[in-house]
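Chain lettering (A, B, C, D, E and F) follows the sequence in which the chains are written, and residue indices restart at 1 in each chain.
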Amino acid sequence: MSANTANAPASLPSREPGALAILAGVVRRDLLLAMRRKSEVLTSLFFFVIVVSLFPLGIGPELGLLRVIAPGVLWVAALLAAMLSLARMFAPDHADGTLEQMLLSPAPLGVLVAGKIFAHWLVSGLPLVLIAPLLGVQYDLSAEALLILMLSLLIGTPLLSLIGAIGAALTLGVRGGGVLLSLLTLPLYIPALIFGAGAVEAEMSGLGAHGHLSLLVALLVLCGFFAPWVTTAALRIALE
Amino acid sequence: MQWNSLAEFFSMGGYAFYVWGSFGVTALALLVEPLLVKQRQSQAVRAIRREKAASRHAP
Amino acid sequence: MNDRLIHWFKYASPQSFYPLAGRMIPWFAALAVIFGIAGLWVGFFVAPTDATQSEAYRIIFIHVPTSWLSMFIYLIMAAWAGLGLALNTRLSSMMASALAPTGALMAFLSLWTGALWGKPMWGAWWVWDARLTSELILLFLYLGFIALQAAIDDPRRADRAGAVLALVGVVNVPIIYFSVTWWNTLHQGASVSLTKAPSMAQTMLNGMLLMSIACWMYVIAVVLLRLRAIILERERHTEWVKHAVE
Amino acid sequence: MLTVARLACVRGDRRLFSGLEFSLEAGGCLHVAGENGAGKTSLLRTLCGLSPAEEGEIRWQGRPIGELGDEYRQAVLYFGHHNALKEELTPLENLRIAATLGGLTLDEETAFGLLQRAGLRGREDLPVRVLSQGQKRRAALARLLCSRAPLWILDEPFVALDVAAVSWLAGIIGAHLAGGGCAVLTSHQEVAIPGSTVQTLRLS
Amino acid sequence: MSANTANAPASLPSREPGALAILAGVVRRDLLLAMRRKSEVLTSLFFFVIVVSLFPLGIGPELGLLRVIAPGVLWVAALLAAMLSLARMFAPDHADGTLEQMLLSPAPLGVLVAGKIFAHWLVSGLPLVLIAPLLGVQYDLSAEALLILMLSLLIGTPLLSLIGAIGAALTLGVRGGGVLLSLLTLPLYIPALIFGAGAVEAEMSGLGAHGHLSLLVALLVLCGFFAPWVTTAALRIALE
Amino acid sequence: MLTVARLACVRGDRRLFSGLEFSLEAGGCLHVAGENGAGKTSLLRTLCGLSPAEEGEIRWQGRPIGELGDEYRQAVLYFGHHNALKEELTPLENLRIAATLGGLTLDEETAFGLLQRAGLRGREDLPVRVLSQGQKRRAALARLLCSRAPLWILDEPFVALDVAAVSWLAGIIGAHLAGGGCAVLTSHQEVAIPGSTVQTLRLS
């Protein structure tokens, strides 16, 4: 098209990036933003730590009791932390007009969305996985249980980001987005919670965590395929 | 028929609260829901009538 | 396009369905009343007292139909919503919106009657049993659908967003059900469990069936009624609505 | 290049306009005027394909935009009421990110140069948050300088700019038109684009 | 001042409201906003319900175990719900410029702040008190325990709003406000948690909740005096 | 009424202006001009007492504004880049709330009338969220109509307004000045206030 030359003078060194470069660009951008805001990373991490540490204060210090409830408490805390960070997945981009630009971008929206989901996991899921053993120790979990806990979170947190993205996209720009988001994502999160906490409990009771973990992986594969696609559709609906 | 008296029927073998609580709330809900829907319908009708009247008066 | 398809599309337009629905409602309402009276008669006066549960078991006549319906309605709702999303037919999306509140009500009644049954039978209003838990989550799914649609001003956008949610939910329902079952059966520490009468007396079964049919008829009637209201609300600027409301 | 036929727009229960027709050739510029709430922003969003058209048709190079999909998106640049800037990032970072989204990789040197042309010399490394209203706007407009889209859709681009920046922007648009692009813009003031005549479409 | 007449023509029926009227006005305004957004009320309520209902799914269905952890779970959930709603106490008013207008308002800022805190409690504290018994039933608590639970929440939630207001004002417009807010308020919340959950536990173990409850009341009185005043000072600093 | 002496303003490591002097009598209007980033918004916020002055003094009726406190706040109306509107509420609700904050109780009838004067007839009951940019601005400006503050400080009040609204607003300001009030405003365009001469202060 002849118009092109007018606005991209020959001196402008630029090239069209491929889908992978765009994905990397989106991830890099979101990470940069997270670093700049700091709180992004810290909010969900800190929330996770708070919730887990508050329980012994509310329930009492008996280690026997704490050990029994540990997998549940840790997983519920991870789930809540993931849920809270969801609101920030698309909403800021929506508010300042970046999301419109993404929709109008020639890059495939699916790729952009996948990038954003991945960045969300890096920022708000991965830190939880890394800190979990430290918190598990507070609840007197054994080394094997800690390992399974980390493993279940490593499989489970991306799942939470993937499922949550759908809810975040659906509630974009909607009145009362906050509650709605929890109302929508919560029921969808429950299987992850049950298998995740179940894996650790099974390990602790000597039943072996294998079954639970493979179910989690199956869920992850399923969502990995469909969630970005559904999210894209939801985003288009939200911005129409 | 297994009920010897009205009182026996109403006491439901001592489970009156539970049985009548279930049936009562269900009956109430099934009665109230259509009323609410009817109200919604008539509200819509009224809004349309009002609009029609407004557009008739407007030039 | 053949003739029958055209015919079908004719009734798929809100304009022609509106009067049709109006004519159908009284019939279904009447059937609901008839079957309801028959079912209550069988339930209270024909069905014998249960050996283990005494009279409390009569809750079954209301509990089971509402439980069944709450699940069925969700499936039907998701199907209509998906149809609306795929074919962009207005009526099917409206049908989905009309079904949701009644489905939520059924889920609530299932929980309510179940809780009232649980107290005398298990000694607790609530236990974290697989069935109970998944019914609770089903209620959340309904509420999510309703809340999402209510939160979006533009009806067309609300329809599509709701459809996406309903479809995601319908995939999730079996997953939830099986995950919860498995979760629950793996550590069966609970002191209580669902005790079912070994073989239900034929009269009980009859009563349950009659009540179920009555509930179905009720649901159809009330959903059509709500559908008419929704049609009026959404199409209020069209000429035919202005004409229809005289 | 852009042809609009019988376009109508409805918001809530209000019909903002209907039966709108215009066409725009390469090098043409359309100024959409009209009082507050006339539907200018709504029209522009519809032209981008962000909102669906209630009635009517929008064609780009003779084909409906719905069919074109990505191809049309590649051809359009939209600049709206919102700046699409991240307040925490610097103008430099914002510009490079915007370029990536627009399907272009921009190295730091180039981006630096573009910002200088936008009059942000010395502000490239401040977070956008502390910039003045007009400086934010300039940072957002720097995006135009590296766009290769032939169709520019600009919603009140002159707002908050000082006199020098207004004529700078008019020059940019003029160069774009001279290179065979076309533009649709709104403004409450008169619009003068150097080296080009501006059609005016008045919504009422 | 002669200027007054120009802009308030004699026909404009208006009068200057007193401090109480302004207080009522602020409360009414915040309630109206909450009603309009719906979510405001529902967010913290629904969050409370979610957190409480998630635990059994994570921990397992044994009623005996659930009963033991019930006071802790319910109180931690209430605390988290209160903490999350804090961010919305001043931030939206800050973002859209209303807070500037409040500071420039001739009405005493202390009154405005007291009104906002009260409205915050009505919207995000009171609903928790009302729904708590229903959730307690799911954990198989006795009627007496439920009563004490409600009572402790009735005294405790205003305390949470009062303390939280200080944190919310201090972190206004600060980068990473979210984490900071939790970091600041959490330690201040802990006494409320301990006495609140303690009251219910004491009741359940037959010790009587009286002592715990009177300590909670003492805390409430103390904060009721000082918190609005401190919050006002913090707001002035934040907007300077 | 308002006297400013040796005022200076520093942002980050940049001195925006210093040694600024002016005074404003009843009926006077000051137009602060200057390019983007010159420090107009910063000056206005300092005049309101929202930001502390780096150096220099601001006096109202001869007394420093720091001493006056509530009394000064009662005398000032500030209208900034932000609209101070709640997007979920209607213009009617927003206006009544703003009035309460300004220390005034406004009944529904009156508020209705004011909004009509601001050109929002028929939009009083829509949430602000769906209004057009200019309509939002008008809804925010309706606040001026019920203000009794003698000193108006307006930051780019004409932005996003159509021609009719601009002259309406100029008329409002003119009436305010005629009634003995005074005003400080910024704008990138020429400012003409009917029945009053406007001083211009150019920041560079």
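By definition in this document, a contact is a pair of C-beta atoms (placed from the backbone, for glycine too) under 8 Å apart; a residue touches a chain by one contact, two chains touch by 3 or more.
This one's a predicted model, so the numbers in the text were calculated from it and none came from an experiment.
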| remark: Going from subunit E to subunit F via touching chains takes a minimum number of steps equal to 1
| field | Set of chains whose contacts include both subunit C and subunit B | value | none
| task | Write down the chain pair with more C-beta contact pairs when A-C is set against C-E. | result | A-C
| note | For the copies subunit D and subunit F, the interface residues, called same if over half of the numbers are used by both and different if under half, are same
| request: Rotation angle, subunit A onto subunit E: superpose the C-alpha atoms of these two copies and give the value as a multiple of 5 degrees. | output: 180
| Chain separated most widely from subunit D, comparing mean CA positions | B
| message | I'd like the Å distance between the centres of subunit A and subunit D, where a centre is the mean of that chain's Cα atoms. | response | 34
| field | Rounded Å distance, subunit C centre to subunit F centre (Cα mean) | value | 57
| query | Distance-wise, how many Å sit between the C-alpha centres of subunit D and subunit F, to the nearest whole number? | reply | 30
| Residue numbers in subunit D touching 2 or more other chains? | 12, 81, 88
| field | Residues within subunit E bordering two or more other chains | value | 37-38, 57, 60, 65, 175
| request: Would you pick out the residues of subunit C that each touch at least 2 other chains? | output: 151, 153, 180, 183, 187, 236
| query | In their complex, what parts of subunit C are in touch with subunit A? | reply | 137, 140-141, 143-144, 147-148, 151-153, 157, 160-161, 164-165, 168-169, 172, 175-176, 179-180, 182-183, 186-187
| remark: subunit C residues touching subunit E in their complex are 124-129, 133, 136, 151, 180, 183-184, 187, 189-192
| said: So in the complex, the part of subunit C that touches subunit B is made up of which residues? | reply: 44-46, 48-49, 54-56, 58-59, 62-63, 66, 101-102, 105, 108-109, 112-113, 116-117, 119-120, 218, 221-222, 225-226, 228-229, 232-233, 236, 241-242, 245
| message | Per the contact definition, I'd like the list of subunit A residues that touch subunit E in the complex. | response | 37-39, 42-43, 46-47, 50-51, 54-55, 57-60, 65, 68-69, 71-73, 75-76, 79-80, 84, 175-180, 182-183, 186, 190, 193-194, 197, 201
| note | Per the touch rule above, subunit F residues touching subunit D in the complex are 11-12, 34-38, 40-41, 81, 119, 123, 126, 130-135, 137-138, 156, 159-166, 188-189
